Amino acid sequence: MIIVMKQGAKEASIKKVLGIIETTGLQTHLSIGQEVTIIGVIGDKSKLTNCNIELFDDVEKIVHLTESYKLANRKFHPEMSSVKVGNHIIGPDTLTIMAGPCAIESEQQLIDTAHAVKRAGAQILRGGAYKPRTSPYAFQGLEEDGLRYMKSVREETGLAVVCEVTSLIAIEAAVNYVDMLQIGARNMQNFYLLKEAGKSGLPVLLKRGLSATIDEWLNAAEYIIAEGNPNVILCERGIRTFETATRNTLDISAVPAIKEKSHLPIIIDPSHATGVRNYVAPLAKAGIAAGADGLMIEVHPDPSKALSDGPQSLNFAQFDKLVNDLKPYISLESRTL
Amino acid sequence: MIIVMKQGAKEASIKKVLGIIETTGLQTHLSIGQEVTIIGVIGDKSKLTNCNIELFDDVEKIVHLTESYKLANRKFHPEMSSVKVGNHIIGPDTLTIMAGPCAIESEQQLIDTAHAVKRAGAQILRGGAYKPRTSPYAFQGLEEDGLRYMKSVREETGLAVVCEVTSLIAIEAAVNYVDMLQIGARNMQNFYLLKEAGKSGLPVLLKRGLSATIDEWLNAAEYIIAEGNPNVILCERGIRTFETATRNTLDISAVPAIKEKSHLPIIIDPSHATGVRNYVAPLAKAGIAAGADGLMIEVHPDPSKALSDGPQSLNFAQFDKLVNDLKPYISLESRTL
Amino acid sequence: MIIVMKQGAKEASIKKVLGIIETTGLQTHLSIGQEVTIIGVIGDKSKLTNCNIELFDDVEKIVHLTESYKLANRKFHPEMSSVKVGNHIIGPDTLTIMAGPCAIESEQQLIDTAHAVKRAGAQILRGGAYKPRTSPYAFQGLEEDGLRYMKSVREETGLAVVCEVTSLIAIEAAVNYVDMLQIGARNMQNFYLLKEAGKSGLPVLLKRGLSATIDEWLNAAEYIIAEGNPNVILCERGIRTFETATRNTLDISAVPAIKEKSHLPIIIDPSHATGVRNYVAPLAKAGIAAGADGLMIEVHPDPSKALSDGPQSLNFAQFDKLVNDLKPYISLESRTL
Amino acid sequence: MIIVMKQGAKEASIKKVLGIIETTGLQTHLSIGQEVTIIGVIGDKSKLTNCNIELFDDVEKIVHLTESYKLANRKFHPEMSSVKVGNHIIGPDTLTIMAGPCAIESEQQLIDTAHAVKRAGAQILRGGAYKPRTSPYAFQGLEEDGLRYMKSVREETGLAVVCEVTSLIAIEAAVNYVDMLQIGARNMQNFYLLKEAGKSGLPVLLKRGLSATIDEWLNAAEYIIAEGNPNVILCERGIRTFETATRNTLDISAVPAIKEKSHLPIIIDPSHATGVRNYVAPLAKAGIAAGADGLMIEVHPDPSKALSDGPQSLNFAQFDKLVNDLKPYISLESRTL
């Protein structure tokens, strides 16, 4: 942490800053330049939490040099992590495909989809029981009934299952039925929900917020891990930009950036990122080629009848073809499906 | 709602779309152009929720012509609304100033601040008891103790009080202590929380999400109103853009835009929008001049010791000067403090 | 300038960085912390231009502590500048209104508008002779004929006149006819054009680029001033964000931010910022209240017949009313029209 | 094109709009709904350029249903285009690699780089002679000397060569030395430059502007093609977003989106998109997998001594390894290097 003093800072101001830092037991390093004077702070900066040093006289700004997240930080955990979901391992050696409908609509829809995606090669079934929708008048999900269908499908097919949770009530229900909780983009900074997901004991799939920086995203993961739950998987699903040709802008660079900054697995969701069915296949390939540990793909028995996000869903034949087309890319990355 | 067919759409495809719409009882209007053929749909488009018409053969896209929010929409409620908070009315004739610390730190801090902001002219005390913080290691708030201090300060000073809520537990506690609930930017699309705030019966101050469009913001308000609670106040607090000279970018145009699209009151929060103390006064003036119904300003007895957001807080003397400087602008808008 | 070394940087790497810097004659300050080791560099960092220190072994990143613009920087020029345009002074004591059509369409249109805006209180006539248009099939301007009309209107009315220039040819023509050159948003980083505008000797109105940071904007001003032309006026005209309710997002915070970082005058353009006629008046008031030195407003004899940007233009009566409504706000800021 | 009338639009207003359109010879289709009345316009909408219909009484908005670009539009040119640069063909069957230094620094640097990239497999040499730099104090390029080196390297190696042009003077010089002109991101809406590049007769590599939509980008291409020059290649090089972990955000979805909307080839530039050397390889792979027709990669003999953009440049060994690693991905796409 560096304190940058204003040009022409008075000696008294500099002394006051040095003094307040040293009273906390931290060491300082003063460097007086031609244009700027800086004070380096050595030691655990959390001791300075209660001193708003940027408000002291003649202080121009504070520059932080280290990340506030620690448990999610690769600097302190260089080896890449793997996360077990049901019997399946997500991590550096595997390529995980999670597939299923945006919203669970009926037991039949779910079971048909589960069989189809398993046959094609997916290892995890996704499906929404609690749907966050922009308008209160749109379909909001089957809630606990949906979770129940998830559990019976899991038993029938052996697929691991993941469901989005949007409240403590949903978490309390979901732990009885699913293998992994999903925190959606709109709740990425719902810190209360992050803590409760951390306490649940289940692995957590943490989607990136629409306008969350990578730093904020890893801090959100930190909330979960800090509850004693290291089993976090990140999911890049597009960020909000000025471009309207796609629903969101898939930040493909987040894959190598996350790999550098964190040890957590990262998957991408090309369906939500683009909102356009024809762009799912090229972006799925691109995600694998960029080094992602997996994909989340929307699949629906009949997308033209889907209650949520039909336009970006694949039907069974399209999904089957997609997985086949992906296989050589997965081999190139020395991963197994 | 308009369905735009692809160039060279086959007659059979057009007939299929017309057919599916007419079976729902809606009327259609076909218009065949040189470059493009369109189908207008007349009537309540919610009947089409389950048909993903964009997936039919030869359909290029759907263009929606009406907003999905109704109760928050000025088209159906042309008169501007007023909202009563405690004994204070927020609306077109008044200029409401909500002031107080970002985080409640102690009873003494709160009571000192309350007296100071009341003396200066504020009508509502703000203060955070549940703090959403990017890092799990930052101060998270005093929770119910903070709420208790709020209530005793309200009794002592007669100020109305508002507190942010971040979970159902927080709402259940807050209804016993405060006059208005605040939904923060990070929870603007926490639809579960919106519904619970709607059910609480208390007025709700709804901050705009960091990357929420005005349309999404009014849909979030719709969630609250749809629970039978029309007492929603909007708060513009800066949106996320590429600019880093300020913490966020205050979208001042949202003030006239909201006045045109909705009947709900709108206030601005220049403290959070900029994160820079010196910019609070010019933006507060600008907000009033643009037609805002009020302001939310951070005030702290000693900003250099604040546990949260010190850099943007005003001390008592600065706040006193600010309100004095604002008075002629308030008069120009024919409002009363 | 600070060099942050990677965690666990080898002593040899640190020595190599220290060595390369010291060979340039600059001084260094080494500070070894628990998590991070940093090297402060004292002196004129331009001596390091050719050493990409971020590529040296074990270097994590470089943090720049001073701005690259000097002539536009208030740190080295604390007093606010005034710029003379024709006989009119733009600066801290005046409130300048530039008004006129988006595009010059005919001599009659221009002369009628000039008389109307002068009568209402504007001091400078704007009008586009070279129009940058998204589509090549839209009206591109009258070019030199438009400039000629500008000159004759200037002679008839005594108003100062400003025109956008989009090429060296346009600059070479414009210097014969107008009092100030305008560089538009799309050309803010057309550095060739900036240099030529700098050499022209005329004052330059520099609009902010659609996605330019304040730092980049001031560096663009630096290009002009570095040619020996200190007469630069900045114009905030809205930045590009995700919001679509307005054409751009007026960054009102840029007004106090520019006042802090630079001595150059700044005006705002609410017409281009919003693209919506009804929002021009509230934002014009807001701009004055935030401390802007002036406004640029589109005015057209009959906006419904304008060849460019009609929807945001005011007619003569609307402009007359606007200026009248602005007068008390101008007085509050102790400025004169 | 559709005209949406305001709720409760008066019959007289509707008639006036219908009348003005019909006087231009266009046909109209009136559709009166419960909430909204719309008027469809059939025929060549350019006839309406001079009527700002959005300003007529009771008109709410205009919805455009067709793109304003025609020559760049795949709707009118379904077959994918190929562009010949020197003796090399860029298009659907090939994978083109353009490589070289950000800035040309000396003849030796250029010739060494040319031999190295040719040996590795690149077909086109890139190198900047006119450098657009944020600060006027940064290295601005060797200008015509740089072009001369390009020509002699082309003769020696047989590589095709491309250079950025930033002014008419640069174009007039470049046509004597290079095989393709590059228009940089900052000049994407420098319409004057686009027209001159169109007139030059050389193929044009058109980089996407930092905040340009895909629609604006294709309109910029239209400016070039409208001058009779169909040889345009698009280059996605990252857009500006809120994320700061990378210099820009590579919009990988632009690849399938451009393929759908246009017949022009598209390449990606992972070096400028990220500004981080370690992210170049994963994004290059991702670009190929997403369907791009080529890549632009920065290569420098000694990146730590580069005068421009060293941090993102590869050295010869790194580039050699990159091309080798890319080969299986190129084969998977049935393209040849």
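Should a chain be cited, it is by its letter among A, B, C and D, assigned in written order, with residues numbered from 1 in that chain.
Assume a contact is a pair of C-beta atoms (placed from the backbone, for glycine too) under 8 Å apart; a residue touches a chain by one contact, two chains touch by 3 or more.
Nothing here was measured: the structure is a model prediction, and the numbers come from that model.
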Type of chain A:chain C copy interface by residue overlap (half), same or different: same
Selected interface, A-D versus B-D, where C-beta contact pairs are more numerous: A-D
Most widely separated chain from chain B, with each centre as the mean of CA atoms: D
CA centroid of chain A to CA centroid of chain D, Å: 31
Centre distance in Å when chain B and chain D are each reduced to the mean of their C-alpha atoms: 38
Residues of chain A whose C-beta touches two or more other chains: 211, 240-242, 244
Contact footprint of chain C on chain A as seen in their complex: 2, 4, 7, 29, 31-36, 38, 40-44, 63, 65-66, 75, 240-242, 244
Chain A - residues contacting chain D, complex: 211, 213-215, 239, 241-246, 249-257, 260-261, 273-274, 276, 278-279, 282-283, 285-291, 328-329, 332
Contact set on chain A toward chain B in their complex: 46, 49-52, 54-56, 68-69, 130, 132-140, 166-170, 186-187, 189-193, 210-211, 216, 219, 222-223, 226, 240, 303-307, 310-311
